[in-house]
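What follows is a group of structures, each given as structure tokens.
Both complexes below contain subunit A, partnered by subunit B and then by subunit C.
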Partner chain A sequence: MADEVPRSWRDPDLLIKALPTVLLQTTCFLAPLVMTFLLTFQRSRNFQLQWSWDLWTWTDVFSKPHYWTILGHTIFMAAACVAICLIIAFPIAYGLATRFKAWENEIKVLITFAFITDATLKIYGWALFLDKNGMANYTLSSIGLPPEMVAFLYTDWATLLGMVYSLSAFAIFTLYLSISNIDRSLILAAYDAGAGKFRAHWEVTLPLCKPGIWAGSVLIFLLSVGAFLEPKVLGGGKSPMSAELIRQTFETRVNWPLGAALTLVLMVVSVFIVLLFSRLIGLKRAGLAA
Partner chain B sequence: MIARLEGRLIDIVLWGSLAAILIFFYIPIFTLIAFSFQEGRFLTLPFEGISLRWYGELFRNANALNALWNSTLIAVITTVIATAIGTMAAIAAVRYRFRGSDAFRLLAGVPLAFPQLLLGIVLLLWFSVLGRMLDFSTGITTAIIGHIVYITPFAMVIVAVQVYNFDATVEDAARDCGASSFEVYRYVTIPLLWPGIFSAAIFAFLLSWGNFYLTYSLAGSTRTLPTFIFSGIAIGSSPLYPAIATVIFIPGILLVILANRLRRT
Partner chain C sequence: MTAILDIQDVRKSYGSYAALKGVSLSVNQGEFIALVGPSGCGKTTLLKQIAGFEEPDTGRIAIADADMAGVPAAKRPTSMVFQKLALFPHMTVAENIGFPLKLRRTDTAEIKKRVGQMIELMQLKGEYLTRYPRQLSGGEQQRVALARSMVSAPKLLLLDEPLSALDVKLKKVLQAELKRLHRSVGVTFVHVTHDLEEAMMLADRICVMRDGAILQLGTPADIYYRPAGSFVSGFIGETNLLPITVTERTSAGLFYRAADIVDADGRIAADLIAGNVAKGPALLMLRPELLRVLSPGDVADGEIAAEVTEMFGKGGTVQYRARTPGGQMLVVEIPGTSSLPMRIGDKVRLGFTKKDIYVFGAEA
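Here is the complex of A and B:
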């Protein structure tokens, strides 16, 4: 329902509506990002910031493999999180869009509430549940299974579980939107052409919800790269991920330039991976067309 | 026959996975609720007894009440400002065509895909450097600004859905009948967008109320409920914290139900 006539920025109607957002996001989002970039060219001495304008911090970042190992670990965990989220979200999103009609609203409320509840609380709940003397082990041993069967708190698996838990709702919502936008008649046409349910699903439904799969993956990937609570509380801080490294750099080492540089590296690398993948998927599509 | 069997099978798989995911989603929530009724001091099973003791402690704990007050204050201010800015941005982004509208949409939405912890850190650097120059330190105000930056895009997306389904000819009709542009907003646009605006406000409130990452970085020494709980996890906790959690859940689920009702109508 867009306007027919393009508006100029001098139009007060547009100005009133768009300007607050522009001001807010330039002063409190873009400007801080630019400043973070500038900070990386400074040095930290005796916990004090010094405006020195050199490449000292960057040499440090590129000469220590430690930072890059952590980054690699983070990217790997994020990728695993994306894959698991997509797999568990698909049946839910598909059901919501097609077969759960009678309960659609109730299901949405339950998922939304779990999603929007404070992250600290949920992660804390998991820690209590998975604890050696926690709910999970108690339940399992009370039905006769050996004690302390659930022993993966403070491992990477627990971190991954927490990340999937925190982010899978994003995949459910984006997939749900794109599946419910699919034109039903295309699937019926596939049936008429003799395709079974499985084949119609594979060749019609899945390709058509590619945008949803893609949007969900990008969101989850970018957000899980910044996971902090999960590795700290559930992973026990044993194999730190980038976010925690960055946090420590600021908090314990009070090294702002280094923290800023590590933040930028994390952001640039993750955006680069997203772009790379979107290019790869684009290429494949072009290849199929040819 | 086979087709019907197939349909049956798909139903079983779909409902089964729904049940599994709901159990998965609610495990930590019910764990916390259960532990909040624990009589004893420790968060391990078996329960020593069931009591409301920790709820009583909660209302006598000055730090917890203070955190509750701070959370609420931050959330209310954030909700009002983020919903207002987000609503206007949604109208501009969906209804108007202008130079740079793609760039505008990108700028307005990009904080959604930005990890909160990093946003918090970047803003902390910004406020620390500005603070050194202009002589202020981080506290409630900086936390509110951070929340607004992060939550406005959410509000915008929610209202944008409503704007998208909005029939602009109603506004033209009002204008043809001689309404001024203020009157058009007051009596046509805003009432029609109201369900979207209201559910955006509810989400803004919940996102801000339960926000950990931004508050953790930006609130200075001010404690809100999430940061209070986080510090509690670190020092070896008591059922006080699950009790706080349970108290937080109640308005949460009510508001989510309300938002859902509104969007359906």
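Here is the complex of A and C:
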């Protein structure tokens, strides 16, 4: 635990030192946010921004269920992505931290390489692979299975596959860190107290992984809420997610006020969900917050 | 007395490294036994085999007459106090102590009662129950760890150097605590430590290990006054080892000759002798506190002339270092008095009685 720095925010010395950071944060983060917020009170007419200062855009947002359906779908997809990533990542991270110690570094390098390869490249790769005439179907039919078995390109499942593929590394690494930080004697202590393998896992390993599970979940959730490439390429744009809707609103419909409003809605809802879950999980209570 | 723990020729290797080279040990019900040795001697490895975290390659471990082969740690009637305590950081003190009971499906009211009893036994405060381990001091964490290990009433309590990380003062307090606990609950304790002094204070019997084998098993007095060889003798405190030549050995005792011992006419007698002593070179052990300064006219069974070279006041005692004419350095420890019997540079006569010395084979 870090030593507490007994300094007031009114400390002039500290304020001067913090100035560059504060300026940077204000100009690059806060200012755009305020501008986005102000933009929502304007209108767009004939692809022209009009400084109307009214609630027209917000009335539009709250009166059209279409936007909210897309938002709901986005949240659902993001949640599903988080769940699948965790389920896939846990055994990988556990194995990496406990069983494959000898190969740990090699495996980590491989995962990192797969992870930092350009996302567009990977997603198009999947599209080619899953295409009606793609690798997957070709391989399956060549071993005698009926043609076009793999018909899930341009469905939500394909979108999900792409998202999980791009984001699972976050869960693998955060979980890996959590698991490898668990003192081995804690697990032995659980066995010694009479716990079987499963019980020791459930009572000790899993709760102690909470910070990792949480960190991974937040990262993956926020990134999947913003996913636009996967729904577009692998989902075929048939059921767009919020990010794609926002992009369309800005670029295709050139309706900046509406785009800004949708962006804010997405941000507020995502942050609300994250805060809600952090309350529910109660990291603070268990004193496991990083 | 019945053996609660019976270990027969246990061997364990990690790859090409033999950690245990055939260890046999029998521990009686209610006994406090200490496994002592330098790091890497196999004491912790042996404890792991008893706890069931590892299975020995060959040999047999029986607890309360039941063979433990294939029995996992969770099913053994043992409980371990870990070196790093291994308290669950995500559980409160009450949850930690009650954990073994929870796993045994004990009902909540019973768990609460037993945890309460443990808190009382360990002299912990009731308000600690809802705290987390990291909110407690080192000594309190130690007590919680002990409470968790004892709550399920194990037949064997295994302690893996739980006091090694504590400062000296707290260590002393907890050593006394362990002793009290052992007396009051009557559970068999197997205590691993590298600190022979700690073992002396606590244990009924001490098992000194080195290189995966038992060097000596005996009472603290055996280990201190009748060590099996120079390694054990040097393991605790300071000692004087004098090379001697055994001239005669009979069933009653032996006679020896030594360069530095005055009047060595080859007929100096010794009572306490190890089994491995034969005619020829041997070592004579003399604890520093068993040597005394002879005044003119005093006689002793054995006598060594020496010149005082150094002096250390230790409060209760004074330690001298003296050199014999033959160049052998001797450590002498005598009770401290306001007037010192010797000063640096004094030539003195040091005496000992034949029942206080111990002779063992030179190569041991």
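Just so it is clear, the second predicted complex is superposed on the first by the 259 of 290 C-alpha atoms of A that agree within 3 Å, B and C clash if a C-alpha of one lies under 4 Å from a C-alpha of the other, contacts with A are read in each partner's own complex, and residues count from 1 in each chain.
In this text, contacts are C-beta pairs under 8 Å (C-beta built on N, C-alpha and C of every residue); 3 or more make two chains touch, one makes a residue touch a chain.
Values in this document were obtained by computation on a predicted structure and should not be read as measured data.
Enquirer: Following the superposition defined at the top, how do subunit B and subunit C come out on subunit A, clash or fit?
Expert: Overlaying the two structures gives subunit B and subunit C room side by side.
Enquirer: Which partner does A:199 contact after superposing on A: first (subunit B), second (subunit C), both, neither?
Expert: A:199 sits against subunit C, while subunit B stays out of touch.
Enquirer: Look at A:102 in the shared chain and tell me whether it touches subunit B only, subunit C only, both, or neither; answer first, second, both or neither.
Expert: A:102 contacts neither subunit B nor subunit C.
Enquirer: Is A:189 contacted by the first partner subunit B, the second partner subunit C, both or neither?
Expert: second
Enquirer: Would you sort A:222 into first (subunit B), second (subunit C), both or neither based on which partner it touches?
Expert: Touch status of A:222: first partner only.
Enquirer: As a test of reading the superposition: which chain, subunit B or subunit C, is in touch with more residues of subunit A?
Expert: Larger number of subunit A residues touched: B.
Enquirer: Identify the partner contact of A:135: answer first if only subunit B is touched, second if only subunit C is, both if each is, neither if none is.
Expert: So A:135 only meets subunit B here.
Enquirer: For the overlay built on chain A, what is the smallest gap between any CA atom of subunit B and any CA atom of subunit C, in Å?
Expert: 5
Enquirer: Show which residues of subunit A both subunit B and subunit C reach, each in its own complex.
Expert: On subunit A, the overlap between the subunit B and subunit C contacts is residues 196.
Enquirer: Quick check: in the complex, which residue numbers of subunit B touch subunit A?
Expert: Residue positions touching the partner: 3, 6-7, 10-11, 13-15, 17-18, 21-22, 24-29, 31-32, 34-35, 43-46, 84-86, 88-89, 91-92, 94-100, 104, 107-108, 110-119, 121-126, 128-129, 145-146, 148-149, 152, 156, 163-164, 166-168, 181, 203, 206-207, 209-213, 225-227, 229-230, 233, 241-242, 245, 248-249, 252-253, 256-257, 259-260, 264.
Enquirer: Which subunit A residues qualify as touching subunit B in the complex?
Expert: These residues of subunit A touch subunit B: 1-3, 5-9, 11, 13-14, 16-18, 20-22, 24-26, 28-33, 35-36, 39, 88, 91-92, 94-95, 99-100, 105, 107-114, 116-129, 131, 133-135, 138, 165, 168, 196-198, 218-219, 222-223, 225-229, 233, 243, 246-247, 250, 256, 259-260, 263, 266-267.
Enquirer: Could you list, by residue number, the parts of subunit A that touch subunit C in their complex?
Expert: 183, 185-186, 188-196, 199, 203-204, 207-208, 210, 286-288
Enquirer: Please name which positions on subunit C make contact with subunit A in the complex.
Expert: 51-53, 72-75, 78-80, 82-84, 86, 88-90, 99-100, 103-104, 132, 134, 148, 152
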